[in-house]
Amino acid sequence: MKLACFGAGRIGGVHARNAAAQQGVTLAALVDPIDTPQRAALAAETGAKITSTEEVFADASIDGIIIASSTNSHAGLLEQAADSGKAVFCEKPISLDFALTAAVVEKVEASGIPCMLGFQRRYDASFLAARQRIDSGVTGPIEQLSMWSRDPSPPPRSYVETSGGMFRDSTIHDADMLRFFLREEIASVYAVGACLISPEIGAAGDIDSLMITVTTVSGRQGQITACRRGPMGYDQRLEALCANEVLTIGNQPQSMLSVASPAGALQAAPENYFIERFAQAYRDEMAAFVAMIRDGTAPLAGIRDGYEAQRLVEAAIVSAKTGQPVQFGADWRP
Amino acid sequence: MKLACFGAGRIGGVHARNAAAQQGVTLAALVDPIDTPQRAALAAETGAKITSTEEVFADASIDGIIIASSTNSHAGLLEQAADSGKAVFCEKPISLDFALTAAVVEKVEASGIPCMLGFQRRYDASFLAARQRIDSGVTGPIEQLSMWSRDPSPPPRSYVETSGGMFRDSTIHDADMLRFFLREEIASVYAVGACLISPEIGAAGDIDSLMITVTTVSGRQGQITACRRGPMGYDQRLEALCANEVLTIGNQPQSMLSVASPAGALQAAPENYFIERFAQAYRDEMAAFVAMIRDGTAPLAGIRDGYEAQRLVEAAIVSAKTGQPVQFGADWRP
Amino acid sequence: MKLACFGAGRIGGVHARNAAAQQGVTLAALVDPIDTPQRAALAAETGAKITSTEEVFADASIDGIIIASSTNSHAGLLEQAADSGKAVFCEKPISLDFALTAAVVEKVEASGIPCMLGFQRRYDASFLAARQRIDSGVTGPIEQLSMWSRDPSPPPRSYVETSGGMFRDSTIHDADMLRFFLREEIASVYAVGACLISPEIGAAGDIDSLMITVTTVSGRQGQITACRRGPMGYDQRLEALCANEVLTIGNQPQSMLSVASPAGALQAAPENYFIERFAQAYRDEMAAFVAMIRDGTAPLAGIRDGYEAQRLVEAAIVSAKTGQPVQFGADWRP
Amino acid sequence: MKLACFGAGRIGGVHARNAAAQQGVTLAALVDPIDTPQRAALAAETGAKITSTEEVFADASIDGIIIASSTNSHAGLLEQAADSGKAVFCEKPISLDFALTAAVVEKVEASGIPCMLGFQRRYDASFLAARQRIDSGVTGPIEQLSMWSRDPSPPPRSYVETSGGMFRDSTIHDADMLRFFLREEIASVYAVGACLISPEIGAAGDIDSLMITVTTVSGRQGQITACRRGPMGYDQRLEALCANEVLTIGNQPQSMLSVASPAGALQAAPENYFIERFAQAYRDEMAAFVAMIRDGTAPLAGIRDGYEAQRLVEAAIVSAKTGQPVQFGADWRP
């Protein structure tokens, strides 16, 4: 199997290396318009040829593409993949423009190409174990779901300015997890947001702290609490109150060492950031991409999941702006 | 010092015993209209005389009263205490009728009697340590506050019917904690509620599961997640994201024993319910009542705190009913 | 029921207060040869009369005595209690002189008086829950038992000099726990000891750090690791490897607050020292003393347990001195 | 760099794959006398040629060899490597025959080849972090060291019969850790062993449960508690009492999911066994082997460490047999 990777940045590097390490897979091409030492090193390490978008789509021997390039290129690459019949692994979001997202999703679904969205948390051992336990029936139904999502430190203003804002850039992952666990139509979305920690983010017109509350059509409740800065470092937790059990996913410590002194017992800090915390999830996700192409195995996140998570954050954005809850439903559009 | 206790039920028993155990304190009187074995035993154990409301207020040697009787008697007893100049320890709520609550608070404050509200969580070592750490400045300001409050099992329908509903009966404690930690004017209150676990509670017209989101005037965010049933038992936790640290208060296990087997390591379940979980807090609270009478020491919760916590849950009730956030502020009234 | 307490020091204060708080119990007498403010305060608080040993034993209305006086007075008081037929609660050790201990135990047993030894850890909720779980059969038999015992800081040289040494003074509690859990004849005892942390203790001819390994006649293994100083504070833990489960008893934190920062998550330090850690165990132990007198309920630790625990530490002392394991058995004597 | 791997079994597979994944490294040869599907798959996956011992040593282009074959082949391969000048990574033990181990170590050291022993725990993030913290000086010196080592289930009799016994086969890893942390000459070794859990192991003449106590020349104390079966699964923990801090290394859970129910909160079980628990340590260890060849970087464990750990377990074997402590020292030989 031959794959091509678009993007030689941080997340591109993760996906390219994981793809190259899959058995029976050749990372044939790496496309990134900017000639950096990082791009050269990644090509050398993975054995990929540095090439162009045109060449990738012209090469019929390439079975699938990995879209890990800048956000504004995602939609165009998805459309070209749909036209050329190549399988796609695409990083979120599809597009910051929701109308374009909707159009691209329609086109990709119509084309019938296998397409997988990069919601790697679905492949994490802890989140997956929680979901499987719920699926097994032993927990009983979820009644209340709480999630936390905090970055170790706020991004620079330059990043914020092109990110689409905290909801679209970051909270989309949490929105996906909300859907992954609640699995029922969302009835209402209420969000509050504020700039509490980073004046730079405020100057860029964005928020850095938010809370979202959703209800489902049967009345179940979910909440997301997120911040661009977590004093404890990278903070990704979940708690599901189910009828019979409460499931809790804690942060993953960097080691199992704890240090006890008169001040108390100090546990090791959580894994530094998403690259470290989800290292294994990224490997498993790429294996799932290969399995999707090879065997037709359905991935845990398809392009429709990307669309729906984005629709949810768009509702949260509307709620945070208007101060009113959004009456959500299958037909709601921003 | 001589005290009288109104109410010989569960919480009355706790307060009466703790009062009798204070050095230099005599529990002189116990008032409960219903002649139960429990009342007789409590009187025997504490040495209190079973007597009447009239006798208590006619007895000038009684310095203070403990109001732990049924909710509908609180307001009247507070008024009589105000008239007679006796110090008061009063269980929440002041009255289920907010207008009456407001009137009683006015009268008590005007009378100048020392009056303390039974928000025992303010005296718990864990909650107090968190608050003191924040006061010390080391944590930096709170940005996001999350709280959970779950009972081990739902109350019977008969209790629910006279309770004033989950918000007024139970969530008022969490509302008080929200105020105790945020210490800033609340700007907005949004709540969702549903009956998810107990059809009996639904039949009584109440809810059993709720989430509340508040913002303060400076944009800080708080949330309460509560349920009338916690599969893990009694669940009282708090997490405060501050600028420099995240403070977490976990549940208190019944013992330090954990049992590891192939299934994993099983920690002891949390203390069974509020009587056990807050046993020490109740002792410390009663000591604070005695100190208030003896030395004039300000208690951690005064009657105004009872009023404000109730005002907050009234706003949550309005929000849950209308589906809209309430624009709160110092002047908001239900 | 009327009780008398010998000793108005730290542990005497604990027992006197707990005795006075028992329902139906009057602490009638307090005996301590030294007139301190502490003695006066304890008498005032408990309502006990400060009196003499002679008066206590002459007073037929006194049902039982609590021996919490200095170690060298224990044996004599036990003998007088045996002569006068009063029930006894005695702090460990019976005597630092093993031959005297043996003689006193013989006499007390011959007299038939109810006699209970102050091994309060047997009444602690965590240690008791572990023992009860083993008794229930669910764990299967213990195979390997590990215990830790560390004080927050080393005692002063003056204390060490009259203490009988670390083994007799402190490790006797751990030896009792070893017996409480293993419940099988000990076959061998090996101990190493050193002075690693406190030159003062070394100057007094004692050790401050030790490890003991025992085997039972069926080959099961136990170990004690102890130190006069624990950097984490008071450290009392146990781990029992059983056939089906591993039971672990951790330290009890001072509160449930944990503080997460970039350094990691800091849990609250353990309860400060034995008075705080075993506060509830001391209450339950005194209730058991009262129940022993009132109902004849067998206590969890009798005078024979005091003798056996002391015999075990004597063997450890011999081993540590000779560098050889002691072949222990029912007949071994130091 | 070209490497050869001897052994295509479980641990051979781990090392071969990790070697092949190193950048700039070719796994050129795989040697295993038995033609299994596992061997074929490993060769296919790593690109290694299945070949013979003779060919490997005849091929001057092979820089280093990985010895992961059966124990009785280790010594011979080490000698051939010494003769041929190839770098070696060797799994423990060097030989079950201590005299042969001593002779081989002499020869390897005399040859000057770079040689690294497979004590992977030295490369584990948790154990390494503990050691580095001690090295930093912040903890103060170690005073008491405790280690636990338990397998999820006892090995079959056939394995036991050729293993050299529990001390030589399994406890050698713990002996190495004892040395890695204590870093001082051992003065005495005392061990007890019994067959408590597996009659099959007893029938093979081996033990399944042991405790070791060591002292260093300055009086510091260490203990190992080990069992061929851990009810909680694979159990590898360490606790170091240092002057200022207590360091604890806990087991690594399979996920961060915990499940709370009325029974308590159940944490995920530890990683299944050493392959899973030390997956990252094995990767880092192989990277260290490559670095040793490429840059001359000293590995964390050299062949002398293999010799010394084995000498320590030989002393434990003598102690367990005789029931007496062994007076150890630099010159002690079994």
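A, B, C and D label the chains in the order they appear, each numbered from 1.
The rule is short, and it goes like this: a contact is a pair of C-beta atoms (placed from the backbone, for glycine too) under 8 Å apart; a residue touches a chain by one contact, two chains touch by 3 or more.
Predicted, not measured: the structure shown is a model, and the values here were computed from it.
Visitor: Tally the contacting C-beta pairs at the B-D interface and at the C-D interface, and name the larger one.
Guide: More C-beta contacts join the chains of C-D.
Visitor: Taking CA centroids for every chain, report which one is farthest away from chain C.
Guide: For chain C, the chain whose C-alpha mean is farthest off is A.
Visitor: Report the inter-chain centroid distance for chain B and chain D in whole angstrom, where each centroid is the mean of the CA atoms.
Guide: Each chain's C-alpha centroid was found; their separation is 57 Å.
Visitor: If you average the CA atoms of chain C and of chain D, how far apart do the two points sit, in angstrom?
Guide: It comes to 41 Å between the two C-alpha centres.
Visitor: Which residues of chain B are in contact with two or more other chains?
Guide: Chain B, residues with two or more chain partners: 231-232, 244-246, 258-261, 265, 268.
Visitor: Show which residues of chain B lie in contact with chain A when the two form their complex.
Guide: Interface residues on the chain B side: 143-144, 146, 148, 150, 188, 190, 192, 194-197, 209-211, 213, 215, 219-221, 223, 225, 227, 230-232, 235, 241-246, 323-325.
Visitor: If we count contacts the way the header does, which residues on chain A are in touch with chain D in the complex?
Guide: 21, 23, 45, 125-126, 129-130, 133, 139, 244-252, 254-261, 265, 268
Visitor: Could you pull out which chain D residues touch chain B in their complex?
Guide: Per the stated touch rule, the residues are 231-233, 253, 258-269.
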